[in-house]
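After this come two complexes, each holding subunit A, first together with subunit B and then together with subunit C.
Now for the complex of A and B:
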């Protein structure tokens, strides 16, 4: 286990609770003050792991997003029947917490619900 | 608590043969497993959902097919436990998360379809760390699974429920997913066999996504032969998974008796070096490293050519993984927003509803990883974290490919320690370190298997990991079968020889 207390200092500034709050907002999560501080310490320790990525010669090394390369795979463009389409729609909607008139229902996107 | 001596006992290979021959009834076999679950799972909590009626119906259908002289598959009547992140039509799939409360998938995963087509009988959906993020099942929203070998300890994770179900003989086979070690590590901690196949060898259609460039489905079994049979049943191309390999599946069952004569085996220095031992200031339990060296000796005695091999980038695997996996997870888990699946919390507008639903629905570890990934992908940090990790990943693949020109397989411990007590690794980073030996195979896309080999602290099982290049599952089975046979003959735990 790398001793995180003694980890080599990184150029990066330590993650602040305010930065954690900003990241949480981007991820649509709400944190209490307690959580902001706790997560800041914990996430900072993980980000310190990035120090271990230093020291490798990476200049001409391309990034890998997928171990064996990935190409698009298309199925045949075969229209489904109306009955099939209706069944897919019914099944998909069954999983939704609120549904109306064959659609997922959400509160207003702008403003607030009355 | 094991199959030995039970009236319904036997391996998957034996059960399937007996059921297909009409010598044994699938219903009786399934009933006996359901009875063991009813008696024992209150304590173990391997399962989130047990589907007793569905299992009995499927088993009866297998028995009817046998009676009618119709062909049944290679897993006829074999009880199977599925990790609860496999979609199962009509059966809740929770990922052990509150955010999927009430969601019932409208379709089956390809792996589930193939298992049932082969005659296997699903008995239930097993507990996991929420969304497969963890190494102990302590991150499940429904409480942890206990290790059947010592209920004060974790079963490992994230597929801890499936590993425990197989170890406790609640099922003969289990299935899980492995993103950074989530099949192999719990297999090691529960004393069973666990295989992480080559990326793309098993279709992930219907597997709830965690980190899409790393996730892979694989089996748990109490023997190498059963693991091979289970893997052969689910492997092979699937047009519904765009990452499914077109190369075709290479059957492994027929490789089990090939032996290891002449096989070139490399012991990975970065995972077995003396300075890693806890008695020399390292983080590895000494017995775990001893068992790995012992496994190498056993293979050498059986005619393999064994050598030490250094893979310097392997040490960067953990760091690269914790940049890449959370980045992919933050994107994959964006879909859980209270609109299309599961639980919703009220909110005055759409954004407030989504935020409230995600805040209430996700546990701490999932939130940590989503935030970590969001941060690693954000402007200004992308190159320093995610971009650099992706380049390290390229280096690792190159290095392993080079090593595999000289070695057929590699050996390492599966986990740095045996099953640990609940709460022992409460600090996230300490928990993450548990995956240090398993992560490289996920980053490279290569297969690896964990096979029980002797014991460590408190007499608990140690897993030895066998790693190989793309689609080398047959070689992994050969080596695992040799180690299994040696361990059964008492060759894994020589006394007073290696532990200083």
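Now for the complex of A and C:
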């Protein structure tokens, strides 16, 4: 990470093109050098907006997890029928770009999810 | 820990030191357990093990555009049940997206809980009475299964992967312990106890061999008694309790070796290789850590009411440690009591003991002779009668075992079966005169029994017991015959 001290008069360091590149890599996006610089500036402006919240007294405000204010929306533990499952299977495998032995064929992946 | 752990971990039984003097292990475990629901966590696809690939699917767990997840209420109930069984605080919680690009999750994220978990701050008491802290137990969805197809199975080779989404979206609980464990044996007994609890409360089938219970171990080492927490490595791909013990020992030794060489371990995820008996680094860590969690906008928070929690608490069945204790309190040996609970036959044993059967014999039968299909439907009063017949001398141990097997099969009472098999208590007088006759017929053998060395004596004892058994068609009590032999020998 480059030294950004002299470029950051606010509390927060400015977003660097390198940080944008990292986020882009995590999101599997390919960006050009020009896009990296441009998005660094634009995303920085978004973060500036979020920074404005620091100016408010928010200790008594509970964090919002969802805008609806609803909780406990559940469904019954009722499985679909075998006929439904079979139909979903047929449609899914039919729609898969490549299928082998009833499984979806994809580019090689190491192991399983972390 | 409430009990004092030894400063240096040792192999159970052998006393062989696992780490060089002055070092101790610091172990925390992450246990994933699939919940015993009928349908998946957020979709109505069936939750069942095995079957043809991609048969338990639904548009939601296939991550199709336009679908929305809805929480399975039963999964929340089971999650709360687990939290209560582990003395956790059950709280308002929020689902979050854990983002990563692997084909085992078709949405490109896994729904989990991050900042606010359903259960926090609990404890688990091990069979030996020590206590391990539980950091959190949160809900999430399981991932699909991808299988690499290629010549060497290595990731860098050309080749491809095949993905089966039967498991994708199955409700999971992740139970994270505090780093309170100090040796592999303790880690294993933690998993055993946790598994017993999950099964006892009906939350999971706990089958490690089917992957419905999986364990990751966080391992580090430190100078014994120092209290510090050093860099840890997370060990994945541990598929049995035995592998867990081996993987922890290997990893801890690796850390000590590094420190002793003036180096230090890096924080990373490592994979246990069962064949080579070693751990290897997983994929690059800097980026693997960066899952960019955020609250899932498709799901509203879960906020269990105190009334609901109380209701679930009231319906919670007795926990394994309480069930073991109930048997031990009535005179059963601890190991037998543990087996009885493990086989879910402690209720039967308890009822038989209440009906007057000897606790030790009762539990011994459960441990040795009742690991069979149908044992659970055995009539407790019949079982008590059998044990009473045996302890009263009416049946030998061998006969009792045979009668018990018949009882499980036919449901008849022990007296009827014993009479039918011709098992009648042999009168001691009768046995004594029979034995005296055999001794008279075998003077040389008798001399070797009385005057020989230990080996001789043992061999001849076998000969005499064998003769008695032959003469009585196996109905004599071997224990009594031995007693009589010894009496005769010491009388000269």
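Here, the second predicted complex is superposed on the first by the 80 of 114 C-alpha atoms of A that agree within 3 Å, B and C clash if a C-alpha of one lies under 4 Å from a C-alpha of the other, contacts with A are read in each partner's own complex, and residues count from 1 in each chain.
Basically, a contact is a pair of C-beta atoms (placed from the backbone, for glycine too) under 8 Å apart; a residue touches a chain by one contact, two chains touch by 3 or more.
Small disclaimer: the values here were computed from a predicted structure and weren't measured.
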* Asked: With the two structures laid over each other on chain A, which partner does A:24 touch: subunit B (first), subunit C (second), both, or neither?
  -> first
* Answer with first, second, both or neither: which of subunit B and subunit C does A:49 touch in the superposed model? => first
* Could you tell me if A:58 is touching subunit B, subunit C, both of them or neither one (first, second, both, neither)? => first
* Structure fact -> Counting residues of subunit A touched by each of subunit B and subunit C, the higher count belongs to B
* To do: Give one of first, second, both or neither to describe whether A:94 is in contact with subunit B, with subunit C, with both, or with none.
  => first
* **First (subunit B), second (subunit C), both or neither touched by A:70** => both
* Touch check for A:12: first (subunit B), second (subunit C), both, or neither? -> first
* Asked: Do any residues of subunit A touch both subunit B and subunit C, and if so, which are they?
  -> 23, 26, 28, 65-66, 68, 70, 72-73, 75, 92, 104, 106-113
* **Interfacial residue positions of subunit A with respect to subunit B in the complex** => 1-2, 4, 12, 15, 19-20, 23-24, 26-31, 39, 42-43, 45-47, 49-53, 56, 58, 61-68, 70, 72-73, 75, 91-92, 94-98, 104, 106-113
* Asked: Considering the complex alone, what residue numbers of subunit A touch subunit C?
  -> 22-23, 25-26, 28, 65-66, 68, 70-80, 84-86, 88-89, 92-93, 100-114
* Structure fact -> So, in the complex, the side of subunit B touching subunit A is made of residues 102-107, 199-200, 213, 239, 242-243, 245, 283, 313, 315-316, 318-320, 322-323, 330, 334, 337-344, 346-356, 358-359, 362, 367-368, 370-372, 374-375, 378, 384-385, 387-395, 397, 427-430, 432-433, 443-446, 470
* Parts of subunit C lying in touch with subunit A, wherever the complex brings them together -> 37-39, 44-47, 52-59, 62, 70-76, 92, 94, 99-105, 110, 116, 143, 145-148, 150, 155, 157-165, 237, 269, 271, 282-283, 287-288, 290, 292, 295, 297, 299-304
